[in-house]
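Two complexes come next, and they have one chain in common, chain A, joined by chain B in the first and chain C in the second.
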Partner chain A sequence: MTAKRLRIFALLAISMMFLLAWAFPIIWSVLNSLKTDSDVLAYPPKLVFAPTLEAYRDVLFGSGSILPNLLSSVIISVGTTIVTMLMAVPAAYALARLRFRGKKFAGFYVLATQMLPPVGIIIPYFLVLRNIGWIDTYQGIILIYLSFSLPFAIWLLVSYFEDIPFEMEEAAYLDGASRLKTLWRIIIPQVRGGIAVTVVFVFLNAWNEFLFAVVLSGNTVRPVTVAMFNFVSVEQTLWAKLAAVSVLAMLPVVVLGVVAQKHIVKGLTVGAVKGGGRR
Partner chain B sequence: MSSQGQVSFRNIVKMHGEFAALKGVNFDIKPGEFFALLGPSGSGKSTTLRILAGLDAPTAGRVLIDDKDVTSTDARDRDIAMVFQSYALYPHMTVAENIAFPLEMAKLPKSEIAPTVKEAARKVKIDHLLDRKPGQLSGGQQQRCALARAIVRKARLFLLDEPLSNLDAKLRLETRAELKKLQRSLGITAVYVTHDQEEAMTLADRMAVFMSGEIQQVGTPAEVFARPNSIDIAGFIGNPPMNLVPARYVDGDVIIAGHRLKTTATTAGERDVVVGLRPGALRMTEGGLGARVDLIEDLGDTAVLDLDCAGTMIRMRVADGNIPGEGDTISITARPQDIHLFDPATRMRL
Partner chain C sequence: MTSFKPTRRTLLKTGTAAAALATFGPGILRHASAQDADLAPYKSAQIDWQQVSGETITVAVIPASYFENLITLAPQFKALTGVDVRFEKIPPAQIRQKSVIDLTSKTGTYATHAADPMYYALYAANKWVEPLDTYLNDKTLTDQAWFKLDDIIPAWRSANGIDGKLYGMPYDGEVTIQVYRKDLYDAKGLKPADTLEAYMANAAALNAPNDRVWGAALRGVAGAGQNMYIYPSIFREFGGEWMKGGKLTVNGPEAKAALAWYVDIMKKYAPTAAANWNWPDIADAFSQGTVASYIDAHSSASVINNPEKSKVIGKVAYARWPKGPSGKRTTSIWNWGFPINSALPEKKRKATWLFIQWAASAETQARTAHKFAGPTKRSGVNRTSVWKDPDYIKLMNGFGENFVEATMGALQEDTDVDWRPRVPQWPAIGDTMATAIQSALSGQATVKAALDDAQRRIEPMMRG
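Moving on to the complex of A and B:
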């Protein structure tokens, strides 16, 4: 065995270890979601078992169906994404292009919101929402999510807008386009990759969010991340169902991830080059 | 010739903080003229063009187009087409869509757009590339696409900022000739920015020579070549440019390195001057200014000699077949009317 082969082998082994550490919980969830509750608790764990979709049937169509919660999650995530993008695109464009007083501060503010530990502001958020009667409402949760997703989306999009040369817009003005037309016909088509990445990140952040959801939601609006814990109680934990729900909750993440993989990798490198982290 | 496309700059000043990019610029462009803005890098040519286009606002002064004050008119309302140095093609659109964009913005009926686009593309010989994206074009083809986009709308002014600088030498020469023909056939006023004096000399009907934010001379290429207004212009125009030699003026003669030459240029009394001598205006003669041949650059039909005249470097152009050897000592002179005099203090022509 040559030294080069040895190195490749070692690299492969190390990568496999990392991959396993990452993949193990997911494999565990998928396997358990296909077991009966008694199989789950069997010791030693059964690697060979008769797979069943019982847990899925129960969590979807049984008495404690999580379908309404999935719907809540969809409404919250889609709502957050739409509102975020509608505001973030023009804001990012402005930050990238216009010179105005307080631009530096605005940029700093955007970053600062990303550094704040969420637990620190959860109580004030709760109090504010309660006072205006928006606890357990879609608008309440979306509003709070916006406070994070908007700065994040703006910050991510700005780097894409900054990559477009000024002359591109100037050419459009001279061709007779208004500022809005230029934004719509010339600029946005060129940053659609960045917009795709931002949509994915914002959607997934909203979809995966738990901390704020658990405090600000209630019986009417309860996203799936919170509802999952219906299956955990003092007396017992319904492992198979819990696993089934988590697999269902992971599905959109995986699908989006696969669909947008190319864009996401590019998005991550843009961020890396421009020197920033992300939530 | 069209009657549209007359331009006047009146005392245009452009400040960037404390720095004056333009220090009071004045010029007039006649309708249908090919007007070049020539000058070294950083002299304010692009700034001037951008102010004319309405992309930048001047700090002071007025811009008039066709006798109307447009100083505060929006770029898109000025009816001006421009070719950028970077071409600024829209990368997500095909060549056809790029060329059609100004027509769409002008709300031309759809049925007229396609034939007009085709016609403009044909004029610059890219009608076979209409379905490509800019990224799939060569540099020269991109440049033509940018040209087509600029001429398709029949704007009253046609601005070009160093449009040839990204092309290789051969293509630059070809495109240069075509550009001139195109402008002639369209009868449109063109304002052309370049730092390449040869480009300006060959293309322009008239040109303005910029030096550090000021126009030092406006005129036809022949006028500027024949009578440069300042030392800076003299040292900028021509290839190789004029020799500029410190000398002493004594009633009707200049004394260079101890040798007297007659001149038709006159100035008062006896004083220090800078003498300008075109390399092509020098000739070999008996009993002239002695010079040693240091280096010969053979260009084929002519050669440029680097001469050492008692410590002063002078370049001279000679026809082929008349070339001395390196290290030879020759003797040179110039006709009185070919001797230009400049003031070493003000750097202006005397």
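Moving on to the complex of A and C:
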């Protein structure tokens, strides 16, 4: 009994250590965001200090407000997620269920688009968008984001679709349902968890994207990941404000994570145990 | 999701829409009342400022107070010329990448941008930007007697020129100087160093990590504009020549001695973390009283004198670079200049030149410096005449003892056009050198191994 307890205690201590290592930057950001610039630099680091919301006020309502950037990020991430899901669900279903010529190739091709390193295709993307006049537009950025979110979503969803026993579909056909109706009424409710997981990941990837955004955006469309970089200026690093923006940028992601946590955990295990190696 | 309408594309091209959007965009112009501003000093120039009225140009700058001040004055430029300027603020790490993409693809997005002097060799070799003499010599575009090109700091002009032709007009710049804690130096009876040897000795005398004071700090973090910003000064002071017999050489005996000095001072007398510091980190540490001296841009004086953060106000003094074994002092000749994008149609190029002429003029330089109404005044003005203006000197002297003398002395005597190797391959060479220097600073490689390796990597870049 005591040996078991000891083991639990040891495991707990080890996990706490890992947790602390991961949580430290976040805790540190939150603390710094509540300090004044002089408190940020104080040594030894102040753990007890008079918290102030000054940094938040500055970044939200000051001259360099990031509210328009947060709005940009929301439009881009939500837009990307919606378009991705509208296209990925039917595509994944087709790859999982239908028999058609070139299916294997199509599946491989979807994956192959992910093999190019993003840095290598950023200039071609810039030129394409430039030629159609879509630089610094929402449709332009969302279009480019689809290039990585769509293959990712399709591949994630395929494994979920494959987990659904074909018999369920057959039963629906016997009852006279069309394929589309079956997909909508029978299949999709079965993969709700998988869809939720995919939505979260697609949203997260779009929200956190920086490399494409910094090149393809401008003054009109500038997501928060790009805007917050301006707090690291050539003159000085505005630590408190940078921390405040980081916390604000983290917030939607954390909320989404908490809300979807149940699905994420379930989704990941479902995919891992049943579907993973079949293709 | 109204943004999915393709009409947005046509809308974007018109200045009115751009202005309306800018209200929501991050680069908001605060509308100073342009009507009230006195435009007479500009109108005394014998040119037609309104000749391309109605044009719109986009200018890429970095987020920095010296550009913010210029952005604040933009309505005056609009009133003077009828030209609309949209500013886009891009972080320094990305502005090179974005402007090079724009220039290579000849899209003409940025009429001009805050340009790195080390890039003109590349720009000129590809004819991406215009030689400015065409514009300077055109009497309809420039009143030379009014503009007074010769008044602009010569070192910065030569930094922005290739084969005697100017490609970027200096707007704001800096020199590197010694910054030191006068109180600590006085307490030990030390003088600011006249030689690199003395600088090392001073650092040794003041180094007391147990009391949280380190002797010195230099930028250590890898980057063409970071450790490869400090090292070239040391290299030149040790007598190094980048080009030996027409071949770029980075591993000669002077190079090894220079890097050894750099590694030595950083290892012995700088905070351990300084190997990863850029200059804002050094200035932050200095302002908290943990560093006794550093050598970096004179513009850092505003940070270490910021009453909200700094604990060392009134205890700071300045001096020029210590001399190296060659007897030379070598400052940075860094400046942000404005080139003209060749991909633009003629009218826009003219509008861009008018903007550049306005921004670099003595009047605008003064209005963004000591005459600026806001809290942050510029300390890197581009004109000798402004540097001699008593009002400007008074403002600069507020930074501490000997500031103006050290800065002016460096500007006039310590500049060196071959401070860094000016070749089109610079972007790759700068990165290679930065990595080599870092591997030596961090102790991963010996000085010799680091430089020999850099030489091996650089040779193929210079071929072909």
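Definition applied: the second predicted complex is superposed on the first by the 257 of 279 C-alpha atoms of A that agree within 3 Å, B and C clash if a C-alpha of one lies under 4 Å from a C-alpha of the other, contacts with A are read in each partner's own complex, and residues count from 1 in each chain.
Everything below uses one rule, namely that contacts are C-beta pairs under 8 Å (C-beta built on N, C-alpha and C of every residue); 3 or more make two chains touch, one makes a residue touch a chain.
The model shown is predicted, which means the values in this text are computed figures rather than measured ones.
After superposition onto chain A, the partners chain B and chain C occupy separate space and fit alongside each other. By the touch criterion defined above, A:Pro189 reaches chain B but does not reach chain C. In the superposition on chain A, contact of A:Gly133 is made with chain C only, not with chain B. Of the two partner chains, chain C is the only one touched by A:Ile75; chain B is not. Looking at the shared chain after the overlay, A:Gly218 reaches chain C, while chain B stays out of its contact range.
With chain A as vertex, the superposed Cα centres of chain B and chain C define an angle of 160 degrees, given in steps of 10. A count of residues in chain A touched by chain B and by chain C gives the higher number to C. Looking at the shared chain after the overlay, A:Pro118 reaches neither chain B nor chain C. In the superposition on chain A, A:Pro45 makes contact with neither chain B nor chain C.
Chain B and chain C never share a C-alpha pair closer than 33 Å once the two structures are laid over each other.
For chain B in complex with chain A, the residues that touch the partner chain are 53, 55, 74-76, 80-82, 84, 86, 88, 90-92, 101-102, 105-106, 149, 153.
Those residues of chain A whose C-beta lies close enough to touch chain C in the complex are 36-38, 41-43, 63-66, 68-69, 75, 79, 123, 126-127, 130, 132-139, 214-215, 218-220, 222, 227, 229-230, 232-237. Residues of chain C that touch chain A in their complex: 1, 3-4, 6, 8-9, 12, 21-22, 24-28, 30, 62-65, 86-94, 97-98, 101, 104-105, 107, 109, 212, 280-281, 283-284, 287-288, 290, 299, 302-303, 308-309.
Contact residues on chain A toward chain B in their complex (touch as defined above): 165, 167-168, 170-178, 181, 185-186, 189-190.
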